[in-house]
Each structure stands twice: as structure tokens, then as C-alpha cells.
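Handing you a structure now.
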């Protein structure tokens, strides 16, 4: 039962929040200072339900993942067919969503999402991640990201529309963006890979560009609170949709597991790229799914 | 297929966005000016999966609604039982969520959620709301709310811990809050009703306090972009969990249907009440569920 | 509330049961007479959950359909990781299934599944088939099939391992099987098409063999109660997974809609083919899903 | 990929099928001999979807379990609202089901459902029951039950309409039924408890009557292949919906775990009771859910 100890307005304890501890009233106030135009961009892909139609195949996603399903439990069609209005004339539509965030839509990873050995980030026991949810480091512990966003538009730096599947982003690419990265910033990295979907699923599934291990370390050294990208795994993927790096160089291991840096994947960054802005207020507010390994999100860039 | 016309960073056309059209670069810049402390509060209830345990009964929800279900498709228990790590030692947890937002958790209503007659808000045909989603006025059209929040802490005004089930909030209560409400503000109204859950589900299900029709009109006249509350239906509910007002006085009809004012329900406002703050930056970023009647959200107050 | 009128042991009224009305105590007794060996064969594909693994792609299904999802809400891994046993030592596994039967697994169609114009089979209004289920002709009305099965092993007649995608079964094929078809029999028609999956999904998706319209009429004239096949749509499909026939010749229209003959699709008939038996007791017991358009089933052949 | 080794018409290996190994061609032929009238009764509760309506509360189920959800992905309402027919005029209804069988509807338990210590029935390692399903003793291994049913109508023996929550069925009750129980029979035990739902959920949830440990042993000694009942747990339950017996006397431990006797629960036996028949052909064909802990079923009594 709900009792005096509920404080749902706040987050998990510091030892389960990783790099989000870098967010302080001071960084929030500084980040708010990045709002200059007042425009708001959404950085998410649509969640397109796979039910009777082939429609979901028109949104980028990893091969073989269970796609989102969206169901209406009452809708306008029912009233057209004769369903009686409620009381004096109210009509309503109601629905349900089934979603498996990783690989299917824009989401933020929980710190329990990946690990090696017997321990999650910060030594939390991996055995606490069970069928009824993660007892440690779930997405409910993370809390929201309200931070200064810094935008690494790598295709722009390289003079291409988008990276190729085999491309890996190196520290030199990040340096070339000439951004003033500060502790607590949210690093937003564009590969342009969602544009590969224009050529069909097979083109998108041919692999994915992403950060090299060194680029991951470059970001970790700068104490960012989050790394967000428009690819599916921050690091690159091969055609079997797997990372090729060894354990020491795996991007999830470097960022999420060792440094507690949260990851957000499968963002849509095209309008942000068009804006020309490289710093802004970045906001991501994961659903407080207890014990969740991730949450679908609609990240925002307030320019 | 994804093509040149995708502009997922932006929202639906103006005629499907209702009062969110009141949000402009100017209001966003003004709202950002409400950030003074840099503290961030979450305004959502936890999403607690109903699977093997009775746990979900410990979070406020309407009687008889399908509760959220959260499933792990691989977890730490599997590795403890012998599942092999990926490649050189990676382990991962993955999960799925089934959620029916209305009545079960903190959510934002789409403009297609309620109507009367044959037309949705703004004359959109209700017959376009079908089994595969709302073709008009879905939550994917709304876009995010980045606005100045104004907080009506009604129990504080009335000198009580929380309102009673039969209480209705009148314009005088809102006036007594002495807030300077401006066009495009997000009105956040506290009833304290989630605290009734301390006494068990039956206490919570005995009815709900909420806005009176006149209070709804008071807010609509002030051109707020959104009304958010910690009750389940903005207006009050009787013990059968229904609104008692006629069509002309129903809060969803007044706010959502006639004025296109978005509604957010089942917020958790207790820490916000403790903060003493009455204006702040309010952010809500609904998932871009195509044709959705609502989205679960984690609204934020940046103080 | 459950009351005196519940008679869940029986089925829907005669006007919603179609050709299953042909099943009488006499036909059941006669069908039982087909049991000669006492062997029992299952005629269903496995239901393989699509969660973290690519496993479901190893079971035949139509392209683009939402695959079954199977989730464990508590399992042996949890106990291996430290979950406490119940009471003095009980441990349990519990799970959930999400299934969309058409096109993904062995199932039986309800009479509400397909129609033309404004009326379902037998003149029932199509407008009663709404978001909360089919008010008429749902699978809950059908009741079970306990009938004499007659087996048309068409590849055997044609001297091939399996039919090709463009093959259509003609009345002559059915005649060649030389079976004594009686009113109330369940006609089981083998195409061998699931074997195409050996060559991968694309081979299976290249189209499907099936009954021609004339063969459908041939069966309807003989008053069978059900037509079951190992293809996905009884009739043939083209490479876009659609039927090519016009309305008058569509197999679902001929059998399900005009004659109320139930259809069972995506059976697995390979061991039945090996058995050499052409008559047997056929049993299919659909789940009593209220208002369902189909039910997953495990049909049985008792030889 | 599907290959030569697929033999989906048959079941799991003998060491995962428990007492279903007692079913042989001889027992099947003998069971078929129990068909005398040719009438077929269904023994299942309806599966009533919990979506927008309170309807599911009208079907007996255990408190706090996730109720079935049934969604239409296209229906007659959509066509009434203007959805275009397929091709020359075909219309279709399609749907999806979410079901958690234990405690919510008529189902058959897999041998992996309950255990003690580190081993399932027959020494299979419990650690193989993981998030992606039971690698051992899943419901897909069981195969169907085609057996002689023997009916223990305990309320009739005791001269009551239904048993009370605290009643436990003793060997003397089973003896009083004066049935000739043979190896491989399916024992069907009526308590009448679903009738308690007439008085509302709270009456049903007050506890449940069921078999005593000695009655369980009485059945196990007679080598039945399955025990089916209209209560939720074969044994009795207290008001917290738990079994009170210690590990040695728990009905699931005695029957399922030690003897490999499959259990079917939450049957509807009222019409069977009215029939006056005590032997018949009993058929239950679980869905072949790979790694499932149970399957919803519609058991049949062929009288």
C-alpha cells in the first residue's frame, strides 16, 4: 500500500543512477541557458503498430525483433456500427500498446541492460535482475535527463549525407565537431543511418555505423551523463546485427557498464541536423517502468 | 518506406493540435524563465507490472482496468541458471511492456479520446478513429508540452491534506490560488486523491474529487494549453467511476472536445506540493504512438 | 454474474454454428467407429515465442504478421538467482502468451472471420463485429469438431513430395483420392506446403497452393462440416499473399460465408500422410474466446 | 529451419511426458468404447477479454491474476466507418489474444509448472526453465489426452449443490463414487465451486474446496494419467489463495511433481453433472506452446 515513504517525484538512490548523478541544479540552470530560440524538436521515431497491416515495416527497426502492437479497445468504428454512447452522448476511444523497446523504437537503456560477469554497473548483483523485473538499476531508478545537449553531426563533418554501415566514428570525428563538452552534458551523435531505410529493410539491416571504442572512451573521459544516437547500438553492428568488438572495447561495456553513462538509441536526428544548432536543452523522461531494462521515450531538443 | 517527406521531428498539422498551438517560441522562452532553482521533479506514478505478484494493487488505478504487464524476455536469472553469455562475455536483459494508459497510470489524452456526435475536436470525422488507430487527432499529432506550469494546490488552499471524493473544485478555489495564468500555460491541479490509496483500493474507488464544469470553463477562458491533475478524469467521479455531469458540463467535453485543451491525468503531485513552487517549466513528451488515444508519460516540473 | 442461465458446456444457437449443425450424436458415433489403431497424431505447428531470439522464423508463417510472443513471469532462472520458494519449498513457473492466430499458427476460423457486404454468414449483421469482439458468429459459438476425418493427400495422388506455389487443387484431384465423403465429415486436405519452409521464408512466401473454387464447391456439395488444410488460406495465394479469385470464387466466400463451413488452416499433416490412413476420428476443440475471429488449436487425428 | 527431423505430429520423449505414457493404443481403443450416446460436452469456461468493459469479472478467476485481453485489429465497425473492402469486396475480422492461463481460465498444467529443490519431475534440471520458456517438461512435450474419463461428482455423493470453501475431498468420497478406475484414466473431479461466483467474486475468493493429500494419493495409486477439476488448484485453497498443506502433502507435489500426473484446472462441469454419465471419452489437446507452463484448453467429454 501507498504510504508515508512514497516519494515518486524523486529517483533511485545515487548508486543506481550512474552518470545521471552529474546532473545538479547548477547543470540544469546552465543547460536552460542553452535555450535561445524557443523551438522544440522531437527526436523520436513513430511507434507504428503491427497488427493487420504491413505498416510497421515502414519504420526503421532491427531484424527479428517483436514489433510494437497497438490495439483499440473501443473506437469510432464501433459507434458507426451502432455502439451506444455513454450517458447523454459521450463517446470514447481507448487503446493498448505492446512494446519491446530495444531495437524497435527510440528508447533509453537502463543501467541493468548489459553487463559482464556477475555484477551490473557499480557492483550491483546481476542475480537481482529477474523475471519480475530488475531489482537493481532498472529504468525506474534513472530519473529524467534534463541536460545541455551537445550535437556531434558526424556526416556533416565528413561531408556525406549519412555514414556507411562499415563506418566507425573516431575521436578525430568528435574533435572535428569542435564542441565545448562539459561534465553532465548529453552527447547526441548523428550517423544518419535511419536514412538507409529509404532503400528498404535489407539496406538498413546490412550493418550499422557507430562509435569506435576510442570514441566511446573520449566521451566517457569528458563525463557526459548520456550518449544518444540515431543508430541501434551506439557502437557499430555487423550484418548479423552484432557488435564486433571484444569485451574491453564494446560500447555498452565502456559506457553503460563501466561508467554508468546512460544510452539512448534509435533517435531521429534529421531536423536537428537541419537546425544547425550544436547546443540546446536536451530532455528525456523515461517512463517509470519498475524494473524495466529500457523505456520508449520521445527525447526533446529545446533550441 | 521512409522518404523525403518524413519530418518526424515535427508534429501534426495545426488543426489536429488544439491548444498546443498556443505554444510558440515566445511562450517556450518565457516558460524557460520559470526555471529558478534547477531542481527537477517527476510527476508520474510508477508502472508496476501485474504478472505473478499482487504488486500492482499497490499503485493507484481505476477499478476493472487492465493493469500494466511487464515481462523480461531474458534476465539475470537465466544467466544464473546457465545461459551462455554473448560472444566474449556480454550479458543482457530485455523486456516488454503491455500498457493500457487510461485509468492505470500517468498519461496524456489525445484529442481523439472523447467526443460527442459524429465529430471529434475541430470537426474531424469520428469515423476515422478505427481499429488500427486514430487517423485523426491521435497522440502522435499532439507533440510535446514545453510550457510554463502553474500549480493549483487546492488542498493547501482549503487547509486539508486531500480533497474528499465528493468535493468539486470551483472557480473560487482556482482564484484563491492567486496565480497569474497566461495563454499557453499548463494548469496543474492537485486534489491529493492518490493519498486515498493509503486506505486501500476501496477508499480510492469510492469516487474522486475533481474540477467542476465552471472551473473547467474558468481554465478554458484563460487559454491554457493543457490541464493536468492527480485524479483520473480531471472532473470528479462517482462510485461507479463515472462523471455525473451532463454533456454540456462534462469536463472532457468542455476542455478536450470543445477547446482542444489536452488533458494529463493520474499525476503524482506530492513532492511538487512540498516544494512550495507555483510556477515552473512543465515538460511532457508523449510517445509518438501512431493513432494512439493517449500515451503514458513522465511529466517533469523543472523548478 | 454467473447465474442459472450459464450453460457453458453447450455451444451457440444453431443459426451461428453453420455446418457444425451437421454433427449429431449419430455422426459422432459413426466417427468413433473410424478409430481402429488407437494411435493419436497431433496436427499442429508449434507456437514458438518471438521474444529475444530469432527462433520463430523457424516455423512457417505468413509474412508481416505479428508472431506469437511467450513470456515467463517466474521461472527456474529466478530461483537459481535467489528467489525464495513459496512456503515450505514450492517453486513454480508461470507464463503468458500473446497470439494473433491468422497466418501465424494452426487455427480454426470463426464464421465472423470473412464476409462481403453488410452481412456475415446466415444474414447476421456485420456491424455486430466490433472492437470488443464479434457479437455474432464468434469462435465461442462454434463448439468443437468431433467428426470423421477424410484425408485428401493430394501430393501423393499427384506423385510429388509437395505441391508448387502455383498449383491449384481441382475436383479431379479430390475424386482421385477415392474417398467416401459423407455429410458431417471433416475434409483434411494436404498440399505439403509447410515443407517449402525448409528452403527458407522466401520460398514459403512465394505464393501458396490451395483449393480451386470448383474444388471448394465439390466439398460444399458433399456437406462437409469443416475443411482443414496445411496451407494458410484453404485457397491458393499469390506472392503478395492474397487470393486471386473474384468474390464468387473466393474459397472463404464459398465455404465459410455461403455455406457456414468452418475452416482450419496451417495444419501439420506430414505424419498423417505417412500413416497411410484416409479416415479417422478428427477432433478440434477451439478455445471459447468470446467474440474471437479464430482460435489456435491442436487438431487431433485418432487413427 | 524446418528439416527432416521435424515430427510435430508426435510429442516429447517419454521422460518428459509423465503419466501420459500410460496412454497407449490399447487404452485409446478402450476409451473410445466409452462413447455410447454420441453427445459432446465442452468443459471449459469462456475466455472473456478485459479491455474497456468490466465483463471479465463475470467469469470465475483467482484474485489478482492478469485477466485475458482480446483485441480486434480489424472488425465490422471499421467497415461501417468507411474502411474499404479488400479487392472485389472481401471484408475480414482479425484479432489477438493475451492470456495468462493459470488462475484465469480452463487450462492444463505442464510438468514444469511446479517443483521443489533443484529438479523438476523425473529429475529434469529446474535451471532449464528460463525466460524464453521451459527447456524441459514444457506443455509442448505433453501431447494430447485421449483417455477414458471417470467422473467423481463429489457434491452429488454428499447431497449438496456444491462444496464449501473449507471442504476437503477424502478418499472415502472417491470410493463412494463407486467407479472402476483403470490405469490411464483421466480423473475428473467436481467440487461445484464455480457456482460460488453467483454470489460474487468475494464469495469465490473466500477459499476453495479441493482434494485432500490422501485423496491425491488414492488417485496416484490408481495410475490415472490426469486429474482435472473445476477448482483452481486441485487441492484446496485458503482465503489468501494459497494451499495450506506442507510440501509432502501438497497436491501439485504429489500428483504433478512426484508422479508426473498432469493437472487440468478451472473446468466447467455442470452439464457433465447433469448428464449422469460417469465414464466417457475425455479429450484435451493443449496448444503446442514451446516451453509453456500450461495451455488454455477446451476439454471435451464425448458421452
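Residue numbering begins at 1 within each chain, and the chains themselves are lettered A, B, C and D in the order written.
Keep this in mind: a contact is a pair of C-beta atoms (placed from the backbone, for glycine too) under 8 Å apart; a residue touches a chain by one contact, two chains touch by 3 or more.
Small disclaimer: the values here were computed from a predicted structure and weren't measured.
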| At the place where copies subunit A and subunit D touch, is the share of residue numbers found on both sides over half (same) or under half (different)? | same
| remark: Whole-angstrom distance, CA centroid of subunit C to CA centroid of subunit D, is 22
| field | Averaged-CA centre spacing for the pair subunit D and subunit A, given as whole angstrom | value | 43
| Using mean CA coordinates as chain centres, what's the subunit B-subunit D distance in Å? | 41
| note | Multi-chain touching residues of subunit A, meaning two or more other chains, are 51-52, 66, 69, 71-83, 94, 96, 98, 100, 127-132
| request: Examine which chains touch each other and state the graph shape they make (line, ring, star, complete, other). | output: complete
| said: Could you list, by residue number, the parts of subunit D that touch subunit A in their complex? | reply: 51-52, 69, 71-83, 94, 96, 98, 131
| message | Quick check on the complex: what are the subunit A residues that touch subunit B? | response | 1-3, 6-11, 23-29, 32, 35, 37-49, 51-53, 55, 58-60, 66, 68, 70-73, 75-77, 79-80, 85-102, 112-117, 125-134, 140, 143-144, 146, 194-195, 197-198, 200, 242-243, 246-247, 250, 252-253, 268-272, 281, 283-294, 296-300, 302
